[in-house]
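Two complexes follow with chain A in common, the first pairing it with chain B and the second with chain C.
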Partner chain A sequence: MHAPSSSRLTPSRVLAAARAYPFSTLLTIGLLYVALWLSWHIVDWAFIAATWQAEDRAGCNPDGACWAFILNRLPQFTFGFYPEAERWRACIVLLAPPALLLLAMAPDFKGRRWVIAGGFIAYPLASLALLSGGWLGLTHVPSDQWGGLLLTMIVGIGAFVLSFPLAILLALARLSKLPALRWLTIGFIDFWRGMPLVAVLFMSVIMLPLFLPPGYEISRLGLALTGLTLYSSAYLAEVIRGGLQSVGRGQTEAALALSFGFWRTQTYIVMPQALRAVLPGIVNSVIALFKDTTYVMIVGLFDLLNIVTAALSDARWLGLATEGYVFVGVIYWLLCFALSHVSSRLEAQQSRVIRQDRVLTGSTQ
Partner chain B sequence: MTAPTSIKVRALSKWFGSWCALQGVSVDIEGGACTVLCGPSGSGKSTFLRCLNGLEEWQAGEIEIGGIAVGDRPRALTRLRRDVGMVFQSFNLFPHLSVLDNVTLAPRRLLHRRRKDAEEQAMRLLQRVGVARQADKLPAGLSGGQKQRVAIARALAMEPKVLLFDEPTSALDPESVKEVLDVMIELAKGGTTMVVVTHEMGFARRVASRVVFMDKGRIVETAAPDAFFTCPCSDRAKSFLADISPS
Partner chain C sequence: MKKHLISALIAASLAAAPALAAEGERVRAIKARGELVCGTSTGTAIGLSTLDETGKWSGLEVDYCRALAAALLGDAAKVKFVPLEFKNAFAALQSGSVDILARGASWTFTRDTEMKFAFIGPYMYDGQSFMVKKSRNVSKIADLGGASICVSAGTTSELNLSDYFRVNNLDFTPIVANSREQNLANLEADRCDAYTNERGGLAASRLGFADPDAYVIFDEIISKEPLSATVKQDDPVFHDIAAWTYYALVNAEELGITSANVTELANSSPNPEVQRLLGKTGDFGTKLGLANDWAVKAIATGGNYGEIFERNLGSGSRVKLSRGLNNLWTKGGLIYAPPVR
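Coming up: the complex of A and B.
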């Protein structure tokens, strides 16, 4: 981008502006000083004075970050207590989503529909089978040994994949002409939206076993997934309902007149437009869901945050809370940033279509 | 070629709340011909048309299309709509699909045509209505007249026996009106059963086999176009024609 030459910054122009607005100039210099001072301290702590290799806390420079602690524990933070010999399975599960995403976002890729279907149905089932094993000579790894980033991804992706179809059904039921169905759905959505996630998870641990036959147990992962799925499906359902209501009645009528039935009208005509219209809202909910996965520590699971917290009390690495939480923060930020980047790419692709949605619905009555 | 499909309507009544939109309308619509419904706005002609393919529910009376009763059982209604195409005032093209996909969607998903066959048929239809060059565009890139002609092609792709037109030219600029009317005139000559709600009296005069004049939810007058336009029987039709003719 080139600014027009008349507004280009030249030293003489800057000086003239500085003289004309002395207060702004002072403020600018002051803020620049604070920003530089802060970044210098951060860079100094995180990189220059940091220790990358050490056997324990005593081997770290006390003035800088002790990344040796993180690097030392990295396998555990990534895989939890997953047996070392079997970690290649977890690697596949962790690397598949970015690979699928890249494939799905490749321009003019004909198989996109299959990749998306695969990501939604085949990937979760295959991951579950691969991780727990017990077939084809794979040793069985019970789910309470899964942990760290692996568990965070499983819970996040699992809850999304389960809650998305549920949310679509809820949104449709919420707009149904049948009063009983509509009121039941409204009650369901309001119930889950009205409760704090922490309470939902506590209740799933304490109350759910009361309703199950004695001797029957759901894994803690199952409990957490169920709670998160129901909770986030209520939010997603309301987002999707907004999308459904933004599609003009004329679209449904045109589909009906062509002899589409209810489900086909929704599948081929209403849903594609509705989901595109509310894509930013959906991504927003997904990011919130992803961060909410940290609450699974309530049912006693060791997700990324919880496993780092647990490692902080290791006698050899005491007092490294800052390093631990900065690490967790950076990982979460990177993943959420990737999500929002994907969504803005998708929005750019769809903006053409959405703009014309407006034109058309505008001309409908 | 099977016999053209005729429509029989008996004592059709519809209320919106306490407002009576249709008051016992009875009419026989001839198969293989073009019937024009006209009347002042609010006379119930669009409502009547939308009852014919079950887009509106009604409270009393019967409709038969080709001897099959139009009911409210969803499955039977869906089956019946396969034979009854409709063209809307506001086009209602699917904005997320290209022109070609707009036309092929129903044949592919409902008649289970193969993509290649459906696209060949769609290109023939688009050629016929004169928008074949726009096949790969999205509807947003078309003019109003082009959109309406695509909508006609989309309805024709299901090979309907009856075509309903709900004020197809009312949302168009004068130049586009002619494009669309030319397509409709050609269709009417082809011998499809057509029911057209329109204010285009020139069209009615040229191709209609009958004109049905409605007012306040009743059919006031049914006549051949020559008779209707030269000497309407009812006073209501006389004043309507006087109002719309630009003299």
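Coming up: the complex of A and C.
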């Protein structure tokens, strides 16, 4: 039996194939049926029979999703307990990353370098300053009032931006020729990689106060950020070390022979290639870190997931766990999908650059 | 040599740890801070501590903390609620990162003695029971032999369950989950035959089912769960203030003092018991190191014990829990407070 040579589908061809492979045909039809049945039920539940406006659960159609609950609580899910009059500040902080990202991804944009540098260095500091206020007439909002998506973003982005430079230094130190530095770094990395994140956060919030003088307090957000930063820097350092080791030794030796010096060799020659090589690994770590942010509940902060969980116990809306968790899942998926999309764009861009390089070097030879 | 090193380490860590709190130190710390730090649930204890859409806490435990802040600091708003997962709650209290825990914790021997906590007195007498689907046609625990039972991890419920079933020679398979939502979903999807928790919690969570009437809660109780606020044992002054604030709320109900009439009664009541409680006669507030109108402030915050119960769990709420054991001793319940004199 030969497969049909042409790929055009005509009814007679389909019938012939169906007769030739009865089991596959049955399987296909069965799976198609299940897929249709499932998607029909999902669409029916999530849209057709859904209720968008209601005062409590009794006002919702029991056959469909009760999105009224989510809409009713949306400001709280987004901003936590951030005071209503000051929410414009939180809006700026939430909208800046996608705006900066779009700007940085725009083709032929000249200031990309500046946007990326600004996003990396200025954004976390600026957003922390803007959110907490207390200067230029902005009212002070203590960090235990931040919550929901806002807190998730701040903790996720903040911990990444703080841990990235730390991870680069750790990776370099781990490959250093100085034994003391190398062993210290190995100890540091293995310590933080060996501890569960839950234990790290638990120790920071429970054990630390035991050793501080009474009345001395560190903000809970500070504790969570520090814990997450140290934890994820250990993972990132190992990813980056992989990249550093993939760059041939010859390049470093050549650069040193040209009297580039250690830091300039790393900055201009080794690091750009190393980071490019491990971009998927870095994005992987970022996504894992982003999802780890829900552990901040241990130090008593309400991130997106936990503020939704708390809302599920409101006597007005009891029993809407499905809606709540579907909502959280969709938000997390969208954010993580955006991240992986950005990373694949960057990879594509770079492989283009590398190909151009090869063509250029090839033509000059 | 090694021994020396270890003892040196222990000595160093003892020196580094803050000295044991002296009498009244916690109260002084709270007054200096100007804020009471109260550990609550993560907003998941229906009727006890939940969050509304504006981020305001409400519930019986929350109202107690507010009353305590009013008695201690003169302002019910001077309280910070720190959400704690159950598994971290006692450690948080032990470390001193919260002043008081009002988080559905049962008063037990180990917690009182070995863990060195002091309990304020049960604000709710609860007991563990079971919820099953009505369609299963079971109505008593003896019918649950061989059943799979959903239970929350790390709670006294888990221990009570295995104790009771072992003593009564019944088999069971525990299905352990971390959250109430998970347990309820497991019960709804028939992944377990019964869900065990405190009766109050069962009644509240039954409301969340699409068809609450399809579930029954057993009348039998397999445990005593006296839920009480908890403090560290190190400051008896703070313990007294916390306990007598609670007693003030209970005495207020007994004496007919409500949030509506408390200021009026404080000035005009001829009843000597009311006068003593509300600071018209005597210096009972001063004896606690507080202002003499401490009880007025506490009662004005959220009302007396009965008002707080009815608003959060009883007829004024959606949970509609009857008072049962949580009624005053004069009305057949167990709620009783020592006299102010």
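One rule holds for everything that comes next: the second predicted complex is superposed on the first by the 343 of 365 C-alpha atoms of A that agree within 3 Å, B and C clash if a C-alpha of one lies under 4 Å from a C-alpha of the other, contacts with A are read in each partner's own complex, and residues count from 1 in each chain.
Everything that follows uses one rule, which is that contacts are C-beta pairs under 8 Å (C-beta built on N, C-alpha and C of every residue); 3 or more make two chains touch, one makes a residue touch a chain.
Treat the numbers as computed from the prediction; the structure is a model and nothing was measured.
When the shared chain is aligned, no partner comes close enough to touch A:Asn61: not chain B, not chain C.
Looking at the shared chain after the overlay, A:Thr309 reaches chain C, while chain B stays out of its contact range. Set side by side, chain B and chain C differ in how many residues of chain A they touch, and the one touching more is C. Touch criterion met: A:Pro209 reaches chain C, while chain B stays clear of it. Looking at the shared chain after the overlay, A:Thr28 reaches neither chain B nor chain C.
In the superposition on chain A, A:Ile269 makes contact with chain B only, not with chain C.
Common to the chain B and chain C contact sets on chain A is no residue at all.
Interface of chain A with chain B (complex): residues 248, 250-251, 253-254, 256-262, 264, 268-269, 272-273, 276, 352-353, 355-357, 359-360, 363-365.
Across the interface of their complex, chain C is touched by residues 62, 72-73, 75-76, 80-81, 144-145, 147, 202, 205-207, 209-211, 213-215, 297-298, 300, 302, 306-307, 309-316, 318-321 of chain A. Residue ranges of chain B in contact with chain A, taken from their complex: 53, 55, 74-75, 78-82, 84-86, 88, 90-96, 105-106, 109-110, 138-140, 151, 154-155, 158, 164, 171.
Listing the residues of chain C that touch chain A in their complex gives 16-18, 25, 29, 32-33, 42-47, 50-55, 80, 82-85, 88, 91-92, 94-97, 179-181, 184-185, 204-205, 207-210, 317-319.
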